[in-house]
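Two complexes come next, and they have one chain in common, chain A, joined by chain B in the first and chain C in the second.
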Partner chain A sequence: MLLHALLGGVVFGCYFTLVGLGLNLVFGVMRIVNLAHGDVLMLGSFAAYFLFHLAALSPLSAAPLIVVGFFLLGLPFYYLVVPRLAASRDAEMLSFILFFGVQQIIEALAAIAFGSSERSIPGRALGIGAVHLWGQSLPRAWVISALVALAAVLALYLYLYHTRLGLLTRAVMASREEARASGIDIHRVSAIAFGIGLALAGLAGVFAPFMLGSITPAMGSIINLAAFAVIVVGTLGNPLGTVLGGLVYGVGLLLMQTYLSAWADLLPNLLLILVLLVRPSGLLGRRVRLA
Partner chain B sequence: MKQGRRRGFLNALLMLLFTLVSASPIAARAEGAAPAEIKIGHLHAGSGPYASISMPVYDALKLWVDQQNAAGGAFVKAFNKKIPLKLISYDDQSNPGTAATLINQLITQDKVDLLVCDSGSVLTAVAVPIAREHKMFLFDPTGTGAAFFSKDNPYIALLADPVSTVWPRYLWEFLKSDAAALGLKRVAILYATNDFTGTQASAIRAALKEAGSPSEIVFDQGVPTSTSNYSVLIDNIAATNPDIVLELGYVGNDIAFLRNLQDQDHKFKAVFTLYPGIETNVLMKNVGAQGLAGVFTYVTALGLSLKPEIGMTVEELRAAFEKAYGGGGVEFGWNAIAGHVTGLVIGETLAHADSLSQADLRQAVFGLSGKLKTLVGTFELREDGAQIGELTPIGQFGPDGKLAVVYPREFATAKPKINAP
Partner chain C sequence: MPRAARDFLRVGVPVVLLFALLPLAYQNELLLFNFVLFLILAQGLNAVYGFTGYLPFGYVGFFGAGAYGFALAVMHLAAPPLLALLLAGLAGVVLGLILTPLLRLSGAYFAIANLAAAQMVYQVIANPALADITKGPYGVSLASVFAPRASYAVALVILALVLGLVAWLRHGRFGLALQAMRDDPVSAAMAGIPVLRGRVVAWLLSALIAGLAGGVFAWHISVFYPETAFDISISIFAIVFTLFGGAATLTGPIAGVLVLYGLYNVIGISVPQYFQLIYGALIVGLVLFLPRGFASLLRRRGIDVP
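This part shows the complex of A and B:
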């Protein structure tokens, strides 16, 4: 039981790394809190659902389309909202309020458009059956989702550390003002990061029907709580720290399910409180907070 | 004996107080002129985790109100005429705090004549004490938690579902008789920790632990209602080597559980889950016939084709519902039927109540007990307002996705199978 919980937790945690990755990138670059992150993920889920049912596109084929689509949606949205927000005196707090409103609007519109019933993509779309690892069996969809999540982390790492745009992005993350003073077009860099953040949320959404059983317009707020726990644990503002946060969350959740199942949904709150009290800068600490 | 007499006296005193208090401010309109409309206050969850069980109830209730108004309104005995109905329904967004505020608003601001709470036990739980405090009679469509019903609270009646302590009666009887005869003796219980499924789990546990029971509980754990992955839990259950697994949760829980079960190596001899027989369309779309094959569940009106003495048949209601809301993302299922039954009980209450006072409304509702036969069976109330009619037999899905009744034997259309398919 313990080995299964640990192994399952690592795989599950990889997926939750993907869930939190975009949120942490956006916060790291823009210092704004995208409370609508979970609802963007929900939209990604519905996009995958409709692409599967209407266009017979498997989730793996739909994923690149959704990534590109959400990235392109993120660019105009950034220019519409974020520059004004970033120029305000308390951008972090205002972003809470603004994106809370955006979240409510997205959820309400989704409920009107899609209805309230649960929906999902058949398991066969990613292959029904178990994958065996070290004598333990795990759902195939979990393993595929985890691999996609790791690929996304790797891609983000390569972008941040091996491209010129990534270098500029890290400069903005280190200091927005200094980056501006150095002549960096911070809005262009930030818009791209915002687009990537949305694309990562959309990508996580593609696999939500398999990881969460089913999808509804209401799933966003639950996802948000998990995503916040992941990024706070893994160090707020450090996208790659999200990996650690995701693993702690995944393993913690499945251990709770094994040994204290009735209390399992307290985990995100417990992790948040614990980290904020003991190590407010996150497990990786301040040294790497600025990437 | 003395104690019983004293309890009887106290109950009588309570009812007298109820009658005296309820005859006053909020509802007493009996002797005056007929109102232009009868206001029905209601809450629904347009979003959030309970939307999928709440919206069908709301839509079906709205449909019933529209049908009544199209025919000139509902007949109200107190005024001996038909009066149009006005449904005031607020969206509580599945939030109990919001539901509490809105229930108060319906009572104190809108001054509704009849009060109907939201669906499901989680959102009903907040309405029960508020209705009681305001001495408003609460029409409870589907909140089945046992804690809502007590002899000292005359302000509630459960309309469309049996109370959770009674609902699983056929299930525990089945487990102790036919299932045990098939060798399904080691029972695992996994339940969501809310009033609805928590109470069902308690009732089943108590029945299986009775002296002489052939069943043995080998796994018994609660999980949060928000649980959306069961992989590790299934592995933990498998480690206890059960013969039959009972998974008691809401729609989302059952979907996630059955999907995870498909994805894992563990195949149990038998599995029972709650919602495949309640919201069959939703489960079929999300899990598929293959995933449901062999699964035991409750058989509701959807699978029974009972002949109602009042209101529509299941097929008539399905056609009307889909004509009104088809493609709107709200599936027709048991909860839509519950909304229709709620409308029927309200209609019969108005047709029998001597006035619109809360005491007379209560008396009218309880007067229907044992007499009203709807598409879900006989409406029957216990003294405390708990629904004890409308029992749901046990069924099993075949490989073709068809649900057959397997228990009790008088309703059975097939024999239970293990390791199926």
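This part shows the complex of A and C:
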């Protein structure tokens, strides 16, 4: 039982890494808090749902389409909103309120368009049967989701550390002002990072029906809390630190569900507050957020 | 006359009188009570957000703590309503004290942590494992103390006190110190203002206000569930109402409640998604174009908004 919880925890941890990854990238590069992250994820789930049921596309082949589509959506949205926001006093706090408004708009539009009934994609869409590891069996859909999440982390790593644009992105993360002073087009770099953030949220959405249960237009705000817990435990503003946060969260969640199921819902909130109070910079972090 | 007293007489007293007289002309007392409740909550949020810059996204946590403080005092101590109301305020303050360390966080981190804290209080109270004490998810019923008239009157008294408090914060020495440290904590500290103490006092005052509001809500409505007392839209409404009119003013949150909550009751109840869409768009528009609320439009034209 313990081994099963741990193994499942690692698998879920990989997935939750993907849930937090885009949010953390956007925060790291732009210092804005995308409170609509969970709702973008919800849109990704609905896109996968409709592609599966209407176009008979399996989630694995829908995923690249959704990634590209959400990336392209992110670019105009960035130019529409963020430069104006970044110019204001206390951009971080205002971004929080602004994206809260965006979240409300997305949720309302989704409820109007899709209705509020629960929908799902059958697990067989990702193949039938279980995967056996060390004598434990895990649903195939979980393992595939975790592998996709790991691939996304690897791709983001390669982008950040082995491309020229990634180098510029890291420069903007280190210091926006100095990056601007040295001639980097920070808006272009940020817009691409924002697009990648949305694309990662969409990708996480594709696998949400298998990992988080049925999908509804209102699922975004719950996912937001989980995503925040993951990136705060990992390290805010350090995308690759998200992996650690995801693993802590996933293993913690499955252990709670196995041994203390009545209180399992408390976990994201508890982790979030404890880490913020005890080690506000995250488990790996530099100091960024003391008042 | 001190400016705080003048503002209170010009703005606070008419609002309280209006809501004291309206029940004579308008039958739906529950709706009027909700207006009074949101006037109290918006001003309570204003006291901490407007004057210190900390946005308590989980403000509803104090409200729920107050509602359950009242309910537990009535159910387990058989306390009379006014005593239970004081305990409700106390519940808000105690929760505020427990969460005081959150003030170490800045901006968005504070807001997120506060939201998580409110969720935790909800999850503990609504947990079936505690059904013997809090009645868990099944809700509480306080029929023994049900008194709509008296609780409405008490809500008006609380509203008057809260409006007086905000008028004093706007012009009094303590409130000016708060605004100075909101705008520039380092300079304020250099000028000898005790920054930490000021923030904690404003935080606890606002927790007290929400606790009292929760208590009087429990008294007035007398049957409620944890989802109602900890409904996140209570926080959201209070925030949007305050932002709409303009934080750190006395009239701003009042105008926000009257206009937006009025609008909500016209269209929001029948088609909640459309209302959600409208206020989502409203928030985006406000942040991008009017981050200091409608009061700033008037102020730009040289009109002083109390």
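By definition in this document, the second predicted complex is superposed on the first by the 286 of 291 C-alpha atoms of A that agree within 3 Å, B and C clash if a C-alpha of one lies under 4 Å from a C-alpha of the other, contacts with A are read in each partner's own complex, and residues count from 1 in each chain.
Everything below uses one rule, namely that contacts are C-beta pairs under 8 Å (C-beta built on N, C-alpha and C of every residue); 3 or more make two chains touch, one makes a residue touch a chain.
All figures in this text were calculated on a predicted structure; none of them were measured in a lab.
When both complexes are overlaid on chain A, chain B and chain C end up clashing with each other.
In the overlay built on the shared chain, the residue A:93 is in contact with chain C alone; chain B does not reach it. By the touch criterion defined above, A:4 reaches chain B but does not reach chain C. When the two complexes are overlaid on their common chain A, residue A:107 makes contact with chain B and with chain C alike. Within the superposed three-chain model, A:84 lies in touch with chain C and out of touch with chain B [touch as defined at top]. When the two complexes are overlaid on their common chain A, residue A:279 makes contact with neither chain B nor chain C.
By the touch criterion stated above, A:119 is placed in contact with chain B alone, chain C being left untouched. By the document's definition of touching, of the two partners only chain B reaches A:254; chain C does not.
In the superposition on chain A, contact of A:12 is made with chain B only, not with chain C. In the superposition on chain A, A:187 makes contact with neither chain B nor chain C.
With chain A used to align the two structures, chain B clashes with chain C at 222-230, while the other stretches in 6-14, 222-230 or 276-284 stay clear. Once the two complexes are overlaid on chain A, the chain A residues touched by chain B in the first and by chain C in the second are 107-108, 111, 262-263, 265. Every residue of chain A that touches chain B in the complex is listed here, in rising order: 1, 4-5, 8, 12, 107-108, 111, 113-120, 122-123, 128-130, 136-142, 210-214, 216-218, 222, 254, 257-258, 261-265. For chain A in complex with chain C, the touching residues are 33, 81, 84-85, 88-90, 92-98, 100-109, 111-112, 221, 225, 228-229, 232, 262-263, 265-266, 268-270, 272-273, 276-277, 280, 289-291.
Considering their complex, residues 45-49, 51-52, 54-55, 94, 193, 221-224, 226-229, 231-233, 235-236, 239, 251-253, 255-257, 259-260, 262-266, 282, 285-286, 288, 291, 328-331 of chain B touch chain A. Looking at the complex, you find that chain C touches chain A at residues 53, 55, 101-113, 115-117, 119-120, 123-124, 127-129, 185, 232, 236, 239, 243, 273-274, 276-277, 279-284, 286-288, 291.
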